[in-house]
Amino acid sequence: MTGAPRKSFGSDNHAGAHPAVMRAIVEANVGDAVAYGADQWTEHTVSEIKRLAGAEGEVYLVLNGSGANVLGLGLLLGRHESVICADSAHINTDECGAAERILGTKLLTVPSVDGKITPEQIATRLAGRGDEHFAQPGAVAITQSTEFGTCYSLAELRAIRDFCAANRLRVYLDGARLANAAAYLGCTLADLAECADVLSFGGTKNGAMGVEAVVVMRPGDAVNAPYLRKQHMQLSSKMRFLAAQFGALLTDDLWLRNAAHANAMATRLADGLAGLPGAEVVYPVQSDAVFARLEPRHIEELQQKWIFHVWDESSSIVRWMTAFDTQEADVDAFLADVVAVTGAARV
Amino acid sequence: MTGAPRKSFGSDNHAGAHPAVMRAIVEANVGDAVAYGADQWTEHTVSEIKRLAGAEGEVYLVLNGSGANVLGLGLLLGRHESVICADSAHINTDECGAAERILGTKLLTVPSVDGKITPEQIATRLAGRGDEHFAQPGAVAITQSTEFGTCYSLAELRAIRDFCAANRLRVYLDGARLANAAAYLGCTLADLAECADVLSFGGTKNGAMGVEAVVVMRPGDAVNAPYLRKQHMQLSSKMRFLAAQFGALLTDDLWLRNAAHANAMATRLADGLAGLPGAEVVYPVQSDAVFARLEPRHIEELQQKWIFHVWDESSSIVRWMTAFDTQEADVDAFLADVVAVTGAARV
Amino acid sequence: MTGAPRKSFGSDNHAGAHPAVMRAIVEANVGDAVAYGADQWTEHTVSEIKRLAGAEGEVYLVLNGSGANVLGLGLLLGRHESVICADSAHINTDECGAAERILGTKLLTVPSVDGKITPEQIATRLAGRGDEHFAQPGAVAITQSTEFGTCYSLAELRAIRDFCAANRLRVYLDGARLANAAAYLGCTLADLAECADVLSFGGTKNGAMGVEAVVVMRPGDAVNAPYLRKQHMQLSSKMRFLAAQFGALLTDDLWLRNAAHANAMATRLADGLAGLPGAEVVYPVQSDAVFARLEPRHIEELQQKWIFHVWDESSSIVRWMTAFDTQEADVDAFLADVVAVTGAARV
Amino acid sequence: MTGAPRKSFGSDNHAGAHPAVMRAIVEANVGDAVAYGADQWTEHTVSEIKRLAGAEGEVYLVLNGSGANVLGLGLLLGRHESVICADSAHINTDECGAAERILGTKLLTVPSVDGKITPEQIATRLAGRGDEHFAQPGAVAITQSTEFGTCYSLAELRAIRDFCAANRLRVYLDGARLANAAAYLGCTLADLAECADVLSFGGTKNGAMGVEAVVVMRPGDAVNAPYLRKQHMQLSSKMRFLAAQFGALLTDDLWLRNAAHANAMATRLADGLAGLPGAEVVYPVQSDAVFARLEPRHIEELQQKWIFHVWDESSSIVRWMTAFDTQEADVDAFLADVVAVTGAARV
């Protein structure tokens, strides 16, 4: 859709890099810097993320979201351990089986309606504990905000954390869109981070060109991380350029402002759909995604003008995503077309 | 060493990005682009590399050199197959065992003085063929230019290719510095590529910010590559920025000019050392690296002012690398200090 | 429960070895034999299984059921491919995640009531075909007889085979209890084998001490098998003793007679439960297993005298298994106790 | 070579099972026993091996030597860790790359003349410690007795143990022929075991049909072992038959007597070669193997009558192995033929 005049609602990674991020990259391109992270940009960014997350462990910049998830899980799992997660988790559905392939781990899924899981559901997967015939649950993986655009409340996160702590389970939090959750909940990064043992903090969907942070909350879990990052092919040589991107996002809370803006655009879109019988919003809009049910023929017509994904063909549900650079006018133009396409049905 | 006034001779990845690469990144940051490579930049770059390499298969952009090597080897190996390579190969010494860990493969090393291996050496590793107790040799991995800054001649490469073809061995070429070899040999990319089944073509050390290409010469070897790239966590979402970098390098042969310049600077350095008894150049200088033997106390003194690696402490050998942005004045200033430090010994 | 006077209904592997198997082991213990399968016993057994299964490929003796399943699947899967199977499949629930850990594969489960799956269910898992973000379905794994003691009819098996052939899916059949299915269906081993690309043929639960066969139907799939068997640590040095066991089972159709007997004992047990309201048989009894629902307190009481597994505590379902050496008197004594324990409720 | 009238000198696993082992198997075939090791035979054998080895941890019976090695190493290694071992180690040369494939580990080999390695050699492999680009050495693997029939003295073993303890390295001992070493050194199993963190104790080559023990010296290293044994497909269902075999070997020190006898036969063979210029013994004979250099034409002639392996064709070295059941007459007959074949050269 390059060159297309219309904003994509296909994904928050259809957007480019935020201008401040781009400036930071350009400014980091000055002279030499020792490779693999022994540079001032990395030192600054890592220490800043540690501070924001309240992490006593360490922070590792990696190249993409799957890289962050697999590394993060790998830090928490023994070779014989499995991961409890939602069936809709990105690690289960969208990473081509990387967790199984790279970690050799088994994913024990629980059904999730809205992307969230509960301690009660986690408990159902603990039956085989202590039986050598079962892959032993070692960690729980949750996503915040979820793949369905919903957010765990802090109370829900803490309930999971407490349940896991009481049940010898580690918590990994896939935070590819963690900023959106912080913006939605009005909480700090530390409020979220303290509910996990290891988490990812996503830069790419927030406005970076391509960088994610793996945040290890306690030093003991970080001991092997540098080696595993390298083995997982996630160690960047010219690291300063990853660090500079994240540095820009951290400056003046740009990460939070970008997320809040994207969230607001999704809310504007959902609000505009209210009362429109032809487009039913199917999940609470709590981040930068709107999931809606439309007639198949309306979807088809809309896709001729706009880019977005059909999430589930069988139930005729689409996903519309906003980004840091989505404008009110984009949303309004899109809404107008949704109304036009489904309009005959408007009450 | 950030902010240091002196050019690093530590590695070609201490350099930043070439201005043209940076411009291309900035220019690609316009509006939306579909993620994961379905964009015009990727289409252009991939087709251009295919053309230059004479590849009938496919080209995959990945995030770093280890990612390229592991993916490339993975395309050529069955689960029970091993890789014959030089003991000094980057995959054996510098990737934290990623090939073993991610592919589960065994590396069958042969001793190499200068980074190169021969058909005769490869033949010594074929003894266990057909015996189920031995990890079966499936591929040969060579590096061009090598980790010691030397280059295989085209005749040497073709001898390896022909030997492998005659012995049911696939050829993987680690081309993290392939451009330097093309510049040194005065040959085309296709001349080099035709000696391999799969190769990497490095952008990062050539002046990119961070991008490598995996070139699959024949379509049959590419069938599973998209899935393996994703599983290996090497699929970038905002792919246009990887593609734009490489696109800049390919424009007006910038990749070749960058490499030729770096090579020339290494040659200038080596030439300046000629006749200097205190700094013996130990390998032919055929790319952007100079390996020299100095007295330990001279190394120490020199490292107080300049950044470079001691390659082998026991034999007191250092590695000095140039880059696309090394200036004649940098080399001359460095040479002057080498002379000064080792000078008492000059004849 | 060693030394217990009562027959175990816990599992068909609580039984020892059939006397004929034991005799064959003793008789094979004569002088030397070249290790790793280059012996006359292995030659005989392998060729006999090939003949019985109608296999044009090859047969590999391995050490246990998990070893057979992981090797068999490994022969059919590319590194990026996943396996479609029932959620109740042994590979999913009882092998400690070996398929994920050893093969790096993902299991795409479909819900199954009675252990069987259908082409329609398989079809639901093919949605992500061709999308690099999804682990590509490469094989379907079915179990015959199933973990619930049911059997696919030949028509059902052929429907799966045809569906898979038409959809680029390979078929692996876990035949740990394949003999029981052949006995139940009154068909040949070849009738069953021709529905799979690779299958296991179980000896252990049939009366062997410990041996399974991996049957590769076509030569092309067997090329790498010897190496993978060794890598999977499934190659026995004193192979003659594995071969002799299976040889005994193959002599005069002992494998079929053992299975038919065990099946008959299960049927006798199920028949005896008919009309007993306190013990409801919940799956068709088509092999050597009876699954029944009892009151929790009745289960507890019965377990004080007899060994068997509670299959599902939440639904109060138990599994009772017979074996080649279960006697009518064992079944009758057990039945009497079931009646006694649940008796108050008998109509 | 089945049915051949002559004793094989090909391998100690060409022998069958010791009569006492066979008796124990037959005797264990009585009634039912709970599967997977919850039986009296396993309880007895495991507790007896623990006692003999002085192990405070746990003992796990597995199915073969590769299974023991990979499980044992796996208990000691983090995912990012590598293994230092002799280039001639069985795990490096004879297990089809299982350690790399199953554990994803890298083997850092050191050259060994006689199968033994020293702390000094181990030290040469520690250079990359703490550098994320290197696979971190986590364990040292030694073999006792070695693949060349030599034995570490207790002093040598303790030197390795102490060096490793002082250098954060764990020790794995491949004891496929540990009994032969105990017999040669005149020491206890505990004397040997205390030099390792985890070791294998081989039954198969000692006279069992097929069973090895993985001995974990300290409880902390055993925590995950049951799960990993299952994942590695090394858990036998009818475990009593593995346990009974080892039980027989442990009764009245049969394991030690078998080993001492085999050793004596090797010594008799070596003694008989003394002064025979046509057959030079090339390694000290300290267990059940004799390595000798013969003229290629003599090897060929001898192989027409006797079974044995050419170990190294290029140097014309053969391996002759004895076993628990090798008779003096076998050795003498073999010697007579060696003399006859090489005789022209006798002084």
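Each chain gets a letter, A, B, C and D, in the order it is written, and its residues are counted from 1.
Definition applied: a contact is a pair of C-beta atoms (placed from the backbone, for glycine too) under 8 Å apart; a residue touches a chain by one contact, two chains touch by 3 or more.
Since we're looking at a predicted model, the values are computed, not measured.
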item: Centroid comparison with chain B (C-alpha atoms), farthest chain; value: C
item: Higher-contact pair (C-beta pairs counted), C-D versus B-C; value: C-D
item: Numbering shared by both copies at the chain B-chain A contact, with half separating same from different; value: same
item: CA centroid of chain A to CA centroid of chain C, Å; value: 42
item: Between chain C and chain D, centroid-to-centroid distance (C-alpha), Å; value: 33
item: Between chain B and chain C, centroid-to-centroid distance (C-alpha), Å; value: 51
item: Residue list for chain B, restricted to those that touch at least two other chains; value: 79-80, 95-97, 101-102, 132-133, 135-136, 227, 230-231, 235
item: Sites on chain B touched by chain D in the complex; value: 79-80, 82, 93-97, 100-102, 104-107, 132-136
item: Chain B partner contacts - residues on chain C that touch it in the complex; value: 36, 74, 78-80, 132-133, 135-136, 224, 226-231, 235
item: Parts of chain D lying in touch with chain C, wherever the complex brings them together; value: 1-4, 7-8, 10-11, 13-17, 22, 25-26, 28-35, 39-41, 63-67, 70, 95-98, 101-102, 204-205, 209-210, 227, 230-238, 240-241, 307
